[in-house]
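Letters A, B, C, D and E mark the chains as written, and numbering starts fresh at 1 in each.
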Amino acid sequence: APDSGGGGGGGETGGAAEGEVPETPSEPVTLNIMDVAGNIKLTEGMVNAFVEENPDVISSVTWEAGGAPDLVGAVKPQVDSGNLQIDLVLTGTDGLSAGIDQDLWIPLVDEYGDRVSNQENYIEPAAAMQELAEGYGVLVTYYPSGPLLQYNPDAVEDVPSTPEELLQWASEHPGEFGYARPANSGPGRTFLQGLPYMLGDTDPLDPVDGWDNTWEYLRELNQYIDNYPTGTGQVITNIADGTWNLIPTTTGWDIEPRAEGRQPATIEAAAFDEFTWVTDAHYAVVPQGQSEDKLSAILLLLQDMLTPEQNAKAYDSGYFYPGPAVEGATLDLAPEESQQVIEEFGRDWYDDLIESNEKAVPLPAAELVEAFDIWDREIGAGKYEG
Amino acid sequence: MSARARGGDRSTASLSHRLAERGVDKSLLLLLPAILFAVLLFIYPFAYGVGLTLQPTESTVERYGGGALANYVAFFSDSFFRDSVWITMRLALPAALFNVLAAIPVAFKLRPRFRGKRFLQTLLVLPITLGTVLTAQGLLIFAGRQGWLNQFLTSTGIVDEPVAFVMNYTGVFLSLVISGFPFSFLLISSYLSGIDPSLEAAATTLGAGWFERFRRIVLPLLAPGLATTFILTFVLAFSVFPSARLVGDAGGETRVMALMAYRSFGEQIDYPMASTIAVLMGVVEIVVIALVLLWRSTLYKGSTGGKG
Amino acid sequence: MATTEAPESTSNATEPVPSRGVRRIVATPSTWLVWFLAAAFFVFLIGILISVIVDSFARGWFSTWLPPEWTTEWYSAAWRRFDLTHVLGVTLGVALTVVVISILIGLPAAYLLARRDFPGKRLVSLLFLLPIIIPPVTYGIPLATVMYNLGLGRTLTAVVLVNLVPSVPFVILTMTPFIEQINPSIENAARMCGASLRNVFLRILAPLLVPGILAAGILVLVRTVGMFELTFLVSGPRTDTLVVAIYRAMTQAGGAEARQLISAMAFIYTATMLTLLIIALRYINPTQLVARVRDTRDD
Amino acid sequence: MAIAAGAFETLELNGVGRSFGGQVALADLDLTVRAGEFIALLGPSGCGKSTALNCLAGLLPLTHGTITIDGERIDTLPSERRGFGMVFQNYALFPHLTVERNVAFGLQMRKVPKAEMKRRVAEAIALVKLEEHAKKLPGQLSGGQQQRVAIARAIVLEPRLVLMDEPLSNLDAKLRLEMRMEIRRIHQSLGLTTIHVTHDQEEALSMADRLVVLRAGRVQQVGTPEELHNNPVNWHVADFMGYRNITDVTVTSVAGDRIVVESPDLTITATAVEGVHEGETARLAIRPEDLRVLAPGEDPEGGNAVEAEVSVVEYHGREFSVGTVTRSGATWHVRSEHAPLAGDAVTLTVDPARALVFRRDLSDVDGEERQLEEARR
Amino acid sequence: MAIAAGAFETLELNGVGRSFGGQVALADLDLTVRAGEFIALLGPSGCGKSTALNCLAGLLPLTHGTITIDGERIDTLPSERRGFGMVFQNYALFPHLTVERNVAFGLQMRKVPKAEMKRRVAEAIALVKLEEHAKKLPGQLSGGQQQRVAIARAIVLEPRLVLMDEPLSNLDAKLRLEMRMEIRRIHQSLGLTTIHVTHDQEEALSMADRLVVLRAGRVQQVGTPEELHNNPVNWHVADFMGYRNITDVTVTSVAGDRIVVESPDLTITATAVEGVHEGETARLAIRPEDLRVLAPGEDPEGGNAVEAEVSVVEYHGREFSVGTVTRSGATWHVRSEHAPLAGDAVTLTVDPARALVFRRDLSDVDGEERQLEEARR
C-alpha cells in the first residue's frame, strides 16, 4: 500500500525536500531495511539499540537480505512506480554505484550531511572510502580486507610470501590452490585488486591498460587451478575438507568461518611480505521518493550508529575485522561475546599489519565491472576453449 | 419427398446453428479468463522485454556499433557471448538425449505389473521434491572430492585419485539427469502404456524375438512420444541456471546462456543486453524444438491401438 | 517348421510346468542394463539426500566418513535467522492459492481446447504454450515492473499473480489429455438429462476429473514452491517463499551462510515437498503426475 | 408408473441436413413421427444414422432444414431444453454415480421435489428390474445391466421422445436378444415415442413400427417391416434387407412386372420392382431362403433353374446355409433342410414373385458417395 | 499358393490350466486336435476362451498341464518358435506399417529371401482380396478389410495351426456373415488347422467341425455342431445353444428317458438328458422353434399343452418371434408363421422328444464361479 508518506516521484525529493525534513518524525516510523552486503550481522545490534532507546522515532524495523546484483532489480521498480517498500539500503561499493548509475539514491551526504555530523570521526582509511560514495551514501562499517592467504598447515610447509612464490607453490601442487570468481566473492576480488600493487603494475586503478603484470600472472596461475567457484562459501568448503590447501582470504574471511565451525580451527593464515590493503566498507543509502518523516528518522539513526559506543558493535564475530569506521570504537566497547570470539580466533599480528601496511581504496564500480569482465573473458573462460 | 432446392440453400438452418457449426458460441467465454491472463501478464511484459533489446546501452553501441541492433551485433560478433550458445547446447542436448534414451529401457522393463512397482515409481518421483538447491548441495557433499562416493571409490581401490564429479561439466550433467530422468521416465512410461500390448503379442506369434519386437514395433510407435519427451526435458535442461552456477564451472565449461543473462543483468547492470540474451535463449530453444517437431511430423502418429 | 527341442519328459501331464523361467532368459542383456542404470540412479539419489541430511545435523564435518559431532543448531539458526514459520506459511499459502486459481482459470480453457474447434484455436494454443517454454528471465523483469506499477510490489497478491503466469498454461497443458480421455457422450448424456453447461461441469466433469485435477494441482504446487526466478523479482522480506529465502541465504553478499545452514534449509524444503507429495500420492498414481497413464494389462 | 405418453401429436423433420466441412453426412431428411411410434433408423456404418439422431437431440447443429413439434420450431433449442431422452451406444453412464443417482440425475436437473424424485427413480429402476443393483456403481454391472440403467435414466424423465443409438451393438448374441424384447416391452407398456438407430436389419425388423433405411446420408425407403422386407424399392435396400444373392443380368423381355432376365449362367423369370426395359443391364436380387435346391425329378418353379456346385456348407441348427458356385464363378447362397456335400452338383430354383429386379444405377447417389460405398464393401 | 497342410498329425492339450493369482481362469482342458480340423471354442464372456488360446499360443505361461504335438512337448517353447499363426480379436495390426508390410512382417522375421517373400505376400493378399489396398495403412481400412489383413498376416507363414480370437465380434451383421464364409473358405482351400474362439453360438455352429463349450474355465461339452445343437449335456450348454425357454419343474414320473414334469402352469411329457428321479426339481429346456402355437382344434403333440397369453410379437422376416406369458408370469418364446395379436390367448405345444430335462445343479462348478455366473445373467 502507498503508505510511504507524501513523497511522490523521485524528482520531487531532491532539493525541494531539503528544508522540509523535520528534526524528528511527526510520529514513530517503521523502517524496512535491505541488506545486500551481509551487513546485518554488523549493524543489527546498533539499529536495535537505537530503536530501543528512541521508540518515538522508530517504532520497529524489518530486515531483508539479498545479493548486490539483486539490488537494482528490487529497488528500481519501486522508485519508478513511486511506491517504496524499502526505506534504507545497506550496501557495499558495487550496489552503491549501481544505484548511483540508475539514479536511485537520495544524495544523502550532499544534502543532509550536517545532520550526520559524526562522519567527522571516521578513521582515515574509512574517510577515504567515504569519498567513493559521491555524496549519496553514509559509510557505516569499514575493514581493510586483504589480500591475505589461508592454508592448511598439514599440507603447506613453505608458505608463499610473495606472488612469485605463490605461483611456484601452485605449479608444484596443481589443483590445490584456488580462488572464487571475483565477481561473486569478496576475497576473490580483493586478491584481484591487490595483485597490481604487489606486481608493480603501472596503474593499479586502471585494469584495462595498467594491469599487464597482473593479467599475465593470473593467466599463468590459471594453469594450476581446477575451477573457480561462484561464491566464497565453496572456497571455504574446499579448504575445510582438504580439497584445496591454499586460498587467498581477508581478515574477516579468515576469522569468522573458523569461529563458526565451518573450517577447522587449525587452518592458518599468512600475509605477503609486501602488500597494500585493498579496503572495503558498507554504506547506508536511501531510495529516491522517501518520505520526510522516515528520512528524518534515518538521519537520526545514522548519526547514532557512528558513535564509538555503537560502532564498536561492528567487531561482531570477526566477520569484518575489525569493522568499526570511527575513532575510539575499540574492542573493549564491543559486546562481551564479540570480544571472546576475537580473543579465540583472531590473529594477534593483524593489528600491527593493519597499522603498518599501505591502504588503497578499491576500484570505482565501473572499473571494477570492467576488471571482472576482463577476468571472465581472459581467465575464467580460459578454462573452456570454445 | 421434398422438392426443396439443395446445396447453397442455407436459409433453413438458424444463425445460431451456423455459428455453432464454426465453433463459435457462448461457451467460448470459458477461454476468456485464461486469455486475458496470458495477454496481460505474459505477452505484455514479454513484448516489453523484446523492446528492451532494441535499446542498447551507450557503451554497447560504442563498443560494437550496430545502432538499435547493437545488442544483437555484440552477441553474435563477440565470441564470449556467442560461445555460450554452444556451451548450453553441449550440456542440454546430451542431457536431454541421455534422459530420453536411458528412460526407454527402464520404462520398458517396469511396464508389467509386479510387486513393488508403485514403490519404485514413487522413488522415481522423489527427485521432484529435492529442488535444485538440495540437488546441488547434495552433489557437492556426496560426490565432492572428499564425499562418500570418492571416499568409497578410493578406499576400495577402484580409483587412485578422487574423481572430479562436481564443479565441472559432469556435475551439471549429473544434476540435470537427477532432475530430468524421472520426468522422462514417467512421460515415456505413459506413452508406452498407450501402445496396445496385443501388437507385441502379434509380433511374437509372427516369430519376432524381443529385440525385433522392440525395434520394429515399439520403437516406431513410441517415436513421437520420445520427441515430445525430448522437447520437454530439453527445455528444462536448456534454461539450467542454479546448478550451472552451484555445481558447474560457471566461468568455463558451464557458462550457459542463463548465466550470461544473469551476469549482464546483475553484475554488469546492462538490462538491454540481459534481455537480448534471454530473448535469444528463447529463439535457440524454439529452433531446436521446431527441428524436433519437423522430424516428428515425418513419423507415424496415429492410433497406437491394435485397430488402425 | 518342426519342433526341435526335446523336452525332458513327455508324459507327466499334471505336473505344473516351470514355464515362468523360460521366457525370462531371453531378456537378460536388457535387464542387466536396466538394473545398472536404475541402481546408479538410486545410489546418487539416496547419496545426495542422506549426505545433505547428515550435513545439516553435523558440526565440524570435513573429511571424515561421518561427522565427529551432531547438532540441531543449524535448524534453530535457520529458523531464527529466516523466521521460517512465516516463510513456510507464505510458501504454502501462495502455493495453494496459485493451485486453486490456476485450476479455476485453466480448467475451463483446457475443456474448450480439448473438446472444441474454433477459429484461432492454434493461436490460442500457442499463447498457452509460450509461457512454459520461454525462460522466465525473458519476461520476469518487465512483469515485476508491471506489478510495482500496479502498487502490488512485494505483496502476496503479486507473488501469486506472477506464479500464475506459467501455472495457468501448465494446468491447461496437463488437463487437456485428462479431459480428452472422458467420453464426450457422457457430457451429452448429462445434457440430454437437462443439465446446463454449468451443471455438466460441476456434477459430471469435476468429479470425473478429480485424478487429473489432483495431478495438475500437485505439479503446480511443486512448481510454485520451487519457482525461484519470478517469485524472487516481486517478493519481499515478508512475502519470500522458501526457495527465495534459501537462495538469498546462499548468494547473500558478504559470503553465503554456512553450508550446513543451507543444508538444513534445503532439507526443510525437501521435507515440505515430500509431505505434500505423499499426501497427493495417496490419491493418485505416481505416473499420472506427468501424464495420463492407462494401467497396463499384462495378458 | 405414470409416464405420460408423448406430449405432442407429430414431430416433423423438414429437409434436415448436416455436412462436415463440405462432406455431406446427412442430406434432406424428411420424416414425420407420430406420438407413440417406434421408428428404426437403419443403415450400414457411416450412413448418417448417428448424425440424424444427434441433430434431433440438439447435440449437433444443423446445416440445413428445420425440426418442428406440432408446428413449433425446436431446432433452435439447446438440447437440454428439448425434453428428449437419449440412450447412447456405449451407455454413457456417469461412472462416479450409483445406479440410483444416475437415474435421478435428470430429475435433479429439473428440480423435482425430493419425495417425488425418490418415487419416480424407484419406479424406473423397477421397470428395468434393477432393484437389487440400485446402490452399485456402473463399473460393477454387466453390459446388459448397464444398458438397462441407461434406459431407466432416459425414461424416468417421461421424455416426449426417446432416442436410442445402437444400444444393443455391444452386447453378446444372447443378451442382445433379451434386451430387444425388454426395450420393446418398455416401449409398449409406456407408450413412448421412440427412435432407434441400428445397423442390424433383424433388430430393426423385429422392433420397429416403421423403418427408415439410410444410405450415404440419404433416405432410401420408409415403411413398415413387412413393406421393407418384401418390397425393397432399390437393390441397395434389398441388399441390406437380406437379399444376399445379387447379380447383374440383362433384361431380355418385359411383360408388365413379370420380366425375363439373363446372364451367362442363367435365364430367370422375375419381378421388376423398378421400371426396366429390354436390353438394359439390371440387378437381380434373391434371398437365400427363397432359393431352393431342387429335389431330383422336381419341376423348377416358374421354369427357373440354375445349375451350380456346392462349395461351402454351414450348419445353422435345424437347417443349413449352403454356398454354391455356378459355372461362371458367381456365388449363390441357399437354405437347405438337409446337408449337401461340397462338390455336389445341384439345381436351384426360385419363385418368380420372389426374384426381384432393380435398376442397376442408383441415380440419387453422386460419385463421391458411391466411391465411399465401394470402399466400404 | 502352396501353403502346406499342417505339419503335424495331432496336437494334444493335457490337463492344461491357468490361474491368475489363485483365481482359476482355465482348468483341466483336455483336447486332441487333428490336422486340418476347424475347432470352435465357445462360451460366454469371461469363461476362459482367450486364456486357452493364449496358453496355446505361448503368450501366457501355463500353470498346469502340457501341450504336445505328435508327442513332443511344445509348451516350453517361446511363442515365436511355435510356428502358430494368430488372429487377434482387435486385429492387432501394426498401425505404422502398410498392409503389405504387415503381411510381410512374419516372413522378414524368418529371413525368407526377398523374391519369395514378395511372391508369398502377394499371394496372401490376393487370397483375402485386398490387392487394391496393399499400400494403405491399417487406419485407412474398414473393419472388414482390417480383419482380412489380420488373416493374411497369420496365414502367409503357412502356420501349422491358426488361432483366432473372436475375430468377427467387432463387425456389423452383414459383414460378419460375409467374413464367416471367407474364413471358412480359406480354411477349406488351404486345409489349415484352425482354432476359433467365439461367444456366438450361431457362428460356432456354422463354421466349426467340432465345438468345445467352456463355462467358468471348465469344458462342458465337446462335439460336432449337430451333437451340441440337438443333445446338449447339461442345461447350461442348452441355454447357450439356443434353448431360450428354461424353467424349473418337478419330476412327477420317470419311464426311461421319457418323463413327466410339472410346474404350476404346466404338465409336460419330456425327455431326460441327465438321470433325474421322481420328486426331484429339474430344469426343462425348449427351443423357441420347437414350441408351436396350436391351431384351433389341433391336438397337442404328445399331449403337451401350455396355456399362455401373447405379450410381445417380433417380426423376423418370414416368421414371427412371439413372447407369451403364462398365468404364473413365466415367459415362453415361440416361433410362429403368422402374427398373433398381443393379448391373444394361445395354446402352445412341444414334441416330447424336443423338451429336454436336465439336473438343476451343475455339480462341477464351485461356489465362487457360480456367483460369477449369476452376476453375469
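Some notes on this structure:
Criterion: a contact is a pair of C-beta atoms (placed from the backbone, for glycine too) under 8 Å apart; a residue touches a chain by one contact, two chains touch by 3 or more.
The chain lineup, named per UniProt: B = Carbohydrate ABC transporter membrane protein 1 (CUT1 family); C = Putative spermidine/putrescine transport system permease protein; D, E = Putative spermidine/putrescine transport system ATP-binding protein.
Only a predicted model underlies this, so the values are computations on that prediction, with no experimental measurement involved.
Listed by label, the chains touching chain A and chain C alike are B.
Hopping across touching chains, the smallest step count from chain A to chain D is 2. Looking at B-C and C-D side by side, the one with more C-beta contacts is B-C.
Chain centres here are Cα means. That of chain A falls 40 Å from that of chain B. Chain centres here are Cα averages; for chain B and chain D they lie 52 Å apart.
Distance between chain centres (mean CA atoms), chain A to chain E: 89 Å.
Centroid to centroid, with C-alpha atoms defining each point, chain D and chain E lie 25 Å apart. The residues of chain E that reach two or more other chains are 54, 59, 78, 83, 143, listed in rising order.
Touching of two or more other chains is recorded for residues 67-68, 70, 73, 237, 241-242 of chain A. Looking at chain B, one finds that residues 146, 209, 246, 262, 265 touch two or more other chains. Residues 79-80, 82-83, 86-87, 140, 144-146, 164, 167-168, 245-246, 249-253, 255, 262-263, 265-269 of chain B are the ones touching chain A in the complex.
Against chain E, the residues of chain B that register as touching in their complex are 196, 198-199, 201-209, 212, 216-217, 220-221, 300, 302-308.
Against chain C, the residues of chain A that register as touching in their complex are 1-2, 32, 35-39, 41, 62-68, 70, 73-74, 77-78, 80-81, 83, 85-86, 91-92, 95, 185-186, 231-233, 236-237, 240-242, 253, 257, 260-262, 264, 319-320. By the touch criterion stated above, chain D contacts chain E in their complex at residues 44-45, 142, 172-174, 177, 180-181, 184-185, 188, 199-202, 205-207, 225-226, 229, 240, 242, 244, 289, 311-312, 314-318, 321, 323, 342, 375-376.
Residues 59-60, 62-63, 141, 144-145, 147-149, 151, 153-154, 232-233, 236-238, 240, 248-260, 262 of chain C are the ones touching chain A in the complex.
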